[in-house]
């Protein structure tokens, strides 16, 4: 969309106006996330820039909120629970989701569309309805207020992501490859690990990362199904925002943003690699 | 891909390391004790913030020091205590051991069979002079057969001292006076308390408010009075919010539990002052969830934690009045600041000139119908 | 095919002698079964831990166990009473009620009945609690006089009509409440009194706010998607990160960020005061109201609009626009007539996705919406965990879910769920 040399003034005006508008929207998108980073180093417990901060006076900055985060047992318990729950929920949803995607992407799969719609539904049903339903039902079967209950709930919410990404890596998958391997005498498990697995691994990993971040960020279901023993970082943030708004929350938010950046980079790399492997896009 | 895989392995190693490090639990070695009950970890539900901290210091820490095999964990979800308790009891999966509840909710919990019944004289310690517990607690504090009272607290008003120049907030009418005292208010998001204040501010004598609320005209009158400040109100749901809103300057006047205001004013030196007129007195206490697995340990704990000395000790950390008559003379100075706690108590004569006693029975019966109407009114 | 030579006559058969057609069908059947077996674990998992809980919750919206279970004697005695007769039930019904009150007090179930009936007529909760306390001493007839002495309400016809109406195992009254309706004493349906009407209003507000938020997302998302789709790949890749980072950042982090920015002592108000747009006393109220919900939710949902729009725009060849221009169309006309219609499928996909997500939002409105900016989800949550009216929560939830599922089906028709893309 480079601007040719011979355009009219009005068009030239619109060309620049459009870019200014886009820049403003980008600021809207990214600004709030960036603003909390300096605020998390505020020396006083408020959510605004002090004159000392604006004049870059070191006295206006402090890392005490990070220290609070790393020493406070409430937050540390949250960190531990978040990782445990997200880790096991990811394992569960990645394995179940991958198996299902393998079945769903076979041309012979019966009722393919119906089952797909059903398996995607945890992504679509409003969270409050899922959470309330799980709260009542998990209470009845003794899973409420247990780590297992939260892990299962999060795995259910995470599977659609795995199903979608793994199915996507399998579109355009040439099924004659598996037949070729089988006809050459490879037993089914060899076919799976030597032929299918290398092709869908990027899909599994990025689907797994989606499932991980879904669990890691999820708060509504933890609030209902879990209790203090299962508190996660978002649980702690939610009750923190409603109670005592200390900049520790901003420090936590900053750390979470860093984690998001790492995950985002990983997923992007995987996506590019997968496309290259399947020859969908030129390197 | 190789790089990626390496990163992947490094990542999983880190994750695995974290999981291992965190799951290495601390093992307690103390043996079961006749006075403490078998070793166990118990979950107590309370209100969080300064209040839970005071319970921790006055009750939990000394008890755990005495009984090394007992571990007490705090769950700050008392504001949803009744709902979660009901879900747990109905499902037969009770994970809580003790719940801190307002009196009116405790009445409901007991009536619905969600709480264990207790007998004050068998389960609670007598006063040092031998007065049985049922006589030592203030009259009428045992609102139901399941309730173990701890404190009397009040919901009252705090305001920013820098908001109105030299003027001081002096009456409940001032809270509703947007001209003389402009600015945002914070009120608790519930009908009880607010409706009574609205009526008093509208000229109803405090002794008549519950009679007036029995009539449709009276209810309409209360809502109409509240409506005069509605668009200036931020509604809070957790006890720690109003002092925070005041300290941040988000509001200039806030209703709040007196102990939370005390900690903002005296311990944190915020520019806030109290207005005590028509503070609403209420009782707070414990209920034991029906079917708790650790009833024995909980009862042993309770006998200790609600004795005369412990109730008086709590008043060292937060300005709530102990529920026992015999504790009153033992209330002394603030644990860290060394100031006299007496004048900060809601019951101090200076503060308690005009007080409203929260009508527990009336609200236990009427809360549900009023909640519905209040929420409808709020949302519009 | 080795068997081709053997099967000169008759149908083709495989080497083991079965007809080829049959054999192929068997093989296909086996493959279908294999494919299905692969999905069974997840289907079972989702069914047990996701679908069943939701169905069980929805069931609560019609379930009505309190009166039949906890007032069994009264329900039996009321069988023979004609509620349209205009006369109070006889002594036998009052006697049965006293018995139920005594048993209910003993078993601590009477509070549940009172609470259930209180949803229909305010004051029933206190009536049952109070009367059950007094019923302990009612040992001999006439029970009718004794009960009426305990409370005048027991001689009101509508109380008995209510008990009889709610004595079935199923009830429609939660759905009526969810639509601001109620049963009148004679059993017909009427509107709730004005001061209790709320849910239709809330559904409307949720829908209107979702429409506005979706509109804002289209407005802000379209230029960004267009820019990303038309600039060279290497820049687009970099700018894409600015879209994906918010997408990957925790919802709570973004909501927290908006609280820090929008509150009256927050960054935006400080900035406005510093440059003199507003005075220090006149700080704008940007949070705890609709404004806060609009801003924060638009920010959170914007990537869900940009990504599908971008993937559609990416497929539009730039030569179309050049062709239109070369034939004399102005830039605007070419855009409007050629480019824009091609993006409609992307707008459709993004719109439905954003709309579906926004009508179910809970966390962000709860934190920044105050009272005027909260949505129906917040009321459902409130009924689940504060007022404990689980039947009404389930009825409201069913209605919300039905709405979402209809939209989901439309989305499936337009885009196909299997084409859903992420990241």
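We call the chains A, B and C, going by the order they appear; numbering starts again at 1 in every chain.
What we mean here is this: contacts are C-beta pairs under 8 Å (C-beta built on N, C-alpha and C of every residue); 3 or more make two chains touch, one makes a residue touch a chain.
Keep in mind the model is a prediction, meaning the values are calculated, not measured.
Engineer: In this assembly, which chains make contact with subunit B and also with subunit C?
Structural biologist: Touching subunit B and subunit C alike, sorted by label: A.
Engineer: Quick check: more C-beta contact pairs in A-B or A-C?
Structural biologist: Counting C-beta pairs in contact for A-B and A-C gives the edge to A-C.
Engineer: Report back the single chain whose CA centre is most distant from the CA centre of subunit B.
Structural biologist: A
Engineer: Where the CA atoms of subunit B average out and where those of subunit C average out, how many Å apart are those spots?
Structural biologist: Between these chains, centre-to-centre, one finds 32 Å.
Engineer: Approximately how many whole Å separate the CA-defined centres of subunit A and subunit B?
Structural biologist: That pair's centroid distance is 37 Å.
Engineer: Rounded to a whole Å, what is the gap between the Cα centroids of subunit A and subunit C?
Structural biologist: Roughly 23 Å, centre to centre.
Engineer: Using the touch rule from the top of the page, what residues of subunit A touch 2 or more other chains?
Structural biologist: As it turns out, subunit A has residues touching two or more other chains at 46-47, 135-136, 140, 242, 245.
Engineer: Residue numbers in subunit C touching 2 or more other chains?
Structural biologist: Each of 263, 265, 384-385 in subunit C touches at least two other chains.
Engineer: What positions in subunit B touch 2 or more of the other chains?
Structural biologist: In subunit B, the residues touching two or more other chains are 84, 248.
Engineer: Considering only the defined contacts, which subunit B positions touch subunit A in the complex?
Structural biologist: By the definition above, subunit B touches subunit A via 1, 4, 7-8, 15, 18-19, 22-23, 43, 48-49, 73-77, 84, 87-88, 90-93, 95-96, 237-241, 244, 248.
Engineer: Which positions of subunit A touch subunit B when the two form their complex?
Structural biologist: 46-47, 79-80, 83-84, 87, 135-136, 139-142, 144-145, 205, 227-229, 239, 242-245, 266, 269-270, 273
Engineer: Across the complex, what residues on subunit C touch subunit A?
Structural biologist: For subunit C paired with subunit A, touching residues are 28, 31-32, 34-39, 41-43, 45-46, 49-58, 60, 220, 223-224, 227, 230-231, 239, 241-246, 248-261, 263, 265-267, 270, 299, 302-303, 331, 356, 359-363, 367, 377, 380-381, 384-385, 390, 393-394, 397, 400-401, 404-405, 408, 412, 417-418, 420-423.
Engineer: Which stretch or stretches of subunit A touch subunit C in the complex?
Structural biologist: Against subunit C, subunit A makes touches at 1, 11, 14, 18-19, 21-22, 25-26, 28-30, 32-33, 35-36, 39, 46-49, 96-97, 99-100, 102-104, 106, 108-110, 113, 115-122, 124-130, 132-138, 140, 152-153, 155-156, 159, 161, 163-165, 167-168, 206, 210, 213, 216-217, 219-220, 224, 234, 237-238, 241-242, 245, 249-250, 253, 256-257, 260-261, 263-264, 267-268, 271.
Engineer: Under the touch definition given earlier, write down the residues of subunit C that touch subunit B in their complex.
Structural biologist: 107-112, 115, 118-119, 122-123, 125-126, 129-130, 195-198, 201-202, 205, 263-265, 288, 370-372, 374, 379, 382, 384-389
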